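Okay, so chain A shows up in both of these, paired with chain B first and chain C after.
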Partner chain A sequence: MFEARLVQGALWKKVIDAIKDLLTEAKWDCNSTGITLQAMDSSHVSLVSLNLRAEGFDTFRCDRNLSMGINLSSMSKILKCAGNDDVITIKTADDADTVTFVFESQNNEKVSDYEIRLLDLDTEHLGIPETEYSCVVKLPAGEFQRICRDLSQIGESVVITCTKEGVQFSASGDLGTGNIKLAQNASADKEEEAVVIEMNQAVTLTFALRYLNFFTKATPISNQVTLSMSQDVPLVVEYKVADMGYLRYYLAPKMEDQDD
Partner chain B sequence: MPPSKRNTRSDSSKNDEEENGNDNNDTDKKKKISYVKKDPDQWIFLLNDSIVQESPDEENKPVFCRLRHPRTGLGALFLFAKGDKEIYEVTQFKEENRSWFIGNYVQQDGSLFITTPVDPVFLVLPYFIKMEKTNRYMTAEQIIYDDEFSETSRLCNTSQVSDLHQVSQTKGSDSLYAYKFDKEKTLSWLKIKTERVAEVLEEKKISVCGAHSATFVRSKKFATGSKDEYLRYAHGMISEYLPQDLSSDLRQYLGIPSAPEKRQSEAENPPSKKVKLEDITPTEDYSKMRGIQEDKAKSKSKLSAAQKKLSQVDKTGMKSISSFFSPKSKT
Partner chain C sequence: MDKFVIRNPKTKTISPKSSPSKPKLKQTTIESLKGVVIVEDILRHKSILVLKTSSKGEILNSLQELGKKIPSRNVMLDTKIGRIVSKLCKNEDQEISQAAKRVYIKWRSHFEDHLSRPLMEVRCDLKTERLRTSGKKLLTDALQVETNHSLPEAIEREVFQEHRRLVNNNYKRSIRALVFLLKNQQNIRTKVLAGEITVKSLVKENKK
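So, the complex of A and B:
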């Protein structure tokens, strides 16, 4: 028996909105410590890693480790049926082939439940080691979203250059070039507006902007986003899920030497 | 009864059969069967000579009996001959406004009775199947018994042990045999029968596909049906003498698809033109190609609009994410 109740039901909606465009279906691994999800997009150049700890839920019960294969567009449709203030409970029996979503309105006047079929997914699980990155940039999530959106007008890919002075995003295309420079700004009044750069070594990396634009769909989840970069390894875009865990996106860099 | 003796309408292909009016001996027999009332004096029969040319020994006279038909389960007329050693199916061919001229007489009843030898095993099969439930070995007398048709017990004399063992497991010695229905044996026996019928059909070049006039001559070489078609037709003929369940079992056993039978049942209601249109199939089959395309379309349609956009991204220089992270160890 698995049951996870979350008073802040809107969080589920945000999480699904953040990943449903990148992934068609995914396996939700549930164990006593929480829920994790790891999946690659269809072209296998990006990876989504979601971690929601058990403590973050209002009630969490998982008697046996189980993994639920769910079609994310179906799940998104179901969650659209939930109100923003609803309490969402997700539950399934140990050997069931369906998962049930229960939405309770705040004053308990309305309870709706939806059931969808589970899929039998055969996905490989990648081991992602915790590594030190050369550069870790923390910036407001909204700012990052804006940068990616703006630069995608100019070109298809963005070059991220991280130096001591700050971080620069630049794109070039048929109509011209565009550069956005962000300086370190730790002294901002509000914590969520700060731009913090931790750097061991300067890096310059190129990424496909369209992917980054998909990642920024997670912006509603968190005020801050963390970009972790090392030369020639995937970029990590991390959104913290308040008090519960994180949603991380990994994206393989474009490597120039490969082209030559 | 000389005036009734006739030798007209001789059928050259059936040398062994000859049309006979009924003589007095036969008429005596007829009188036994009180339920045939139309013309109690005489009927026109198509019989094998050997049946009527028997010694007038009272015991061995041919007898007409009403027995349960294996297909319908209803009563039907059969003829026992040669001391119950042979049994013939009696079929009446009757048309309205038809009479016979016999010598100087006119016989009002113009129907013609045709007798055809029938394998008694077909007639006893329903009783064997019925007794299968008891799962016991029983003697033929016990099995072949019918409350409604008392003459059924005559079949015991007609069916020999050698015949019955085709459809049953046998126990006992010459003096007393006991039988138990065996479906496997029955089906293999019926299969041989069906195949033989199919062989004859093919030999005689009987058209089994579609209907056309018997006198119709094709300009090209006769388009004969395939082996399967003959087998299906033969199965249909054999099924005339089998209970419904056994008939469908036999069809499965022979590996004949049941689809054509469906069509037959549909044919009972006159098919509308629409149905006919649907039946028309193209001369070339593109469905295979189409299937492939559909599959492709399916896998594509799985992707959302957003994912389609993503798949258009120029991924040159981008390595698969799994080349960065090892797929084995779990974090």
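So, the complex of A and C:
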């Protein structure tokens, strides 16, 4: 028996909106500590890692470990049926081949439940060890979304350069070039508006804006985003899910073609 | 309209040269990156290297595969693969020891280069710079040293780090507390200047 009840049901909607464009189907691993999801997109360029701890839910019960394969576009369709203020409960019985979503409105005057079939997904389990990064940039999530959107007008990839002078995002294309520079801004009134750069080595990496624009769909989840970069490892874009866990995206950089 | 305007002969403008072709970029996949390792593969190669019965070809092949990757520090610690490769450097077989040495040196130089580096100071925006400079100045006055002394800067930087790199009210309070302490307590000031109290412990004790 698995049951997870979340009073701010809108969070489920935001989370699904943030991953449904990258992944078509995914396996949700549930155990007594919480819910995790890890999956690569079909081209193996990016990876999504979601972690929601059990303490974050209003009630959480998971008697034995189970993994649910769910088609994310159907899950998104179902969650569209929930109101923003609804309480969302996700439950499934042991050995069941369906999962049930229950939406209760705040007054309890309306209760709806939807059932979707589980898929039998055969995916390998991925473990991601913690690594140290040369460069960690924290910036407001809205700012990052804006940068990615603006630069995708110019070109299809962005060069992120981190130096002593700050962090620079630049793109070039047929129409010209664009550069956005950010310096540390530690004196902002609110902590989430600050731009904080921690680095021990300068880094320059190139990424596809198409993927970054998929990642910034997670902007409603958190006010702040963390970018972690090092040579030879993927970029990590992390959005904290308040009091519950995190949503991390990993993206492989673009490199010079060595064939020619 | 053509009757009223006088047409000047066209002056030749230099057309901008077509920019040199940019290097072609290729999208890599996550597994193809050097820093991304599949722990199972590392463990498999490790067991081949440890096993006494594995042939020379197998060992060389495993070493070659390992040489393509640079595992992160945590993976190194968990799998202890570094120790096994370094042991192979002393192998009787010339070819194996050379291949192992190559992998070992590559990994070690990577760790010496890239990890355990001190944090670099990144430029801040104008307001932050102004606040931090005034913090440094207050500390300089309190310590009664020349303006280019390195100690006030070190203390200020430590306070900044302690406050998660934010110039907030707590940062300001900590600076003020330190200034007050250093100004009025002669013995602490001399101890700090002599290096008997480290900057780290001084800041930690007076953190607000």
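Methods note: the second predicted complex is superposed on the first by the 256 of 260 C-alpha atoms of A that agree within 3 Å, B and C clash if a C-alpha of one lies under 4 Å from a C-alpha of the other, contacts with A are read in each partner's own complex, and residues count from 1 in each chain.
Methods note: contacts are C-beta pairs under 8 Å (C-beta built on N, C-alpha and C of every residue); 3 or more make two chains touch, one makes a residue touch a chain.
Here the structure is a predicted model, which means the values were calculated and not measured.
Aligning the two structures on chain A places chain B and chain C in clashing positions. Applying the stated contact rule after C-alpha superposition, one finds that A:73 touches chain B and leaves chain C untouched.
In the superposed pair of complexes, A:129 makes contact with chain B and with chain C alike.
Look at A:21: by the touch rule set out above, it reaches chain B but stays clear of chain C. In the superposition on chain A, A:166 makes contact with chain C only, while chain B stays out of contact range. In the superposed pair of complexes, A:243 makes contact with neither chain B nor chain C.
Residue contacts after overlaying the shared chain place A:109 against neither chain B nor chain C.
After overlaying the two complexes on the shared chain, residue contacts for A:255 are found with chain B and with chain C alike.
Once the two complexes are overlaid on the shared chain, A:200 sits against chain C while remaining clear of chain B. Of the two partner chains, chain B and chain C are each touched by A:46.
Aligning on the C-alpha atoms of chain A brings chain C into conflict with chain B at a single listed stretch, 24-32, out of 6-14, 24-32 or 168-176.
In the superposition on chain A, the residues of chain A contacting both chain B and chain C are 40, 43-47, 127, 129-130, 157, 206, 208, 233-234, 250, 252-256. Chain B makes touch with chain A in their complex at residues 302-304, 306-307, 309-311, 313-331. Considering their complex, residues 40, 43-47, 127, 129-132, 134, 157, 164-166, 172, 183-187, 191, 194, 196-202, 206, 208, 230-234, 250, 252-257, 260 of chain A touch chain C.
Chain A meets chain B in the complex at residues 20-22, 24, 40-47, 73, 124-130, 156-157, 206, 208, 210-211, 214, 233-234, 250-256, 258-259. The touching residues of chain C, counted against chain A in their complex, run 22-36, 39, 70, 72-75, 78, 114-115, 117-125, 127-128, 131, 160, 164-168.
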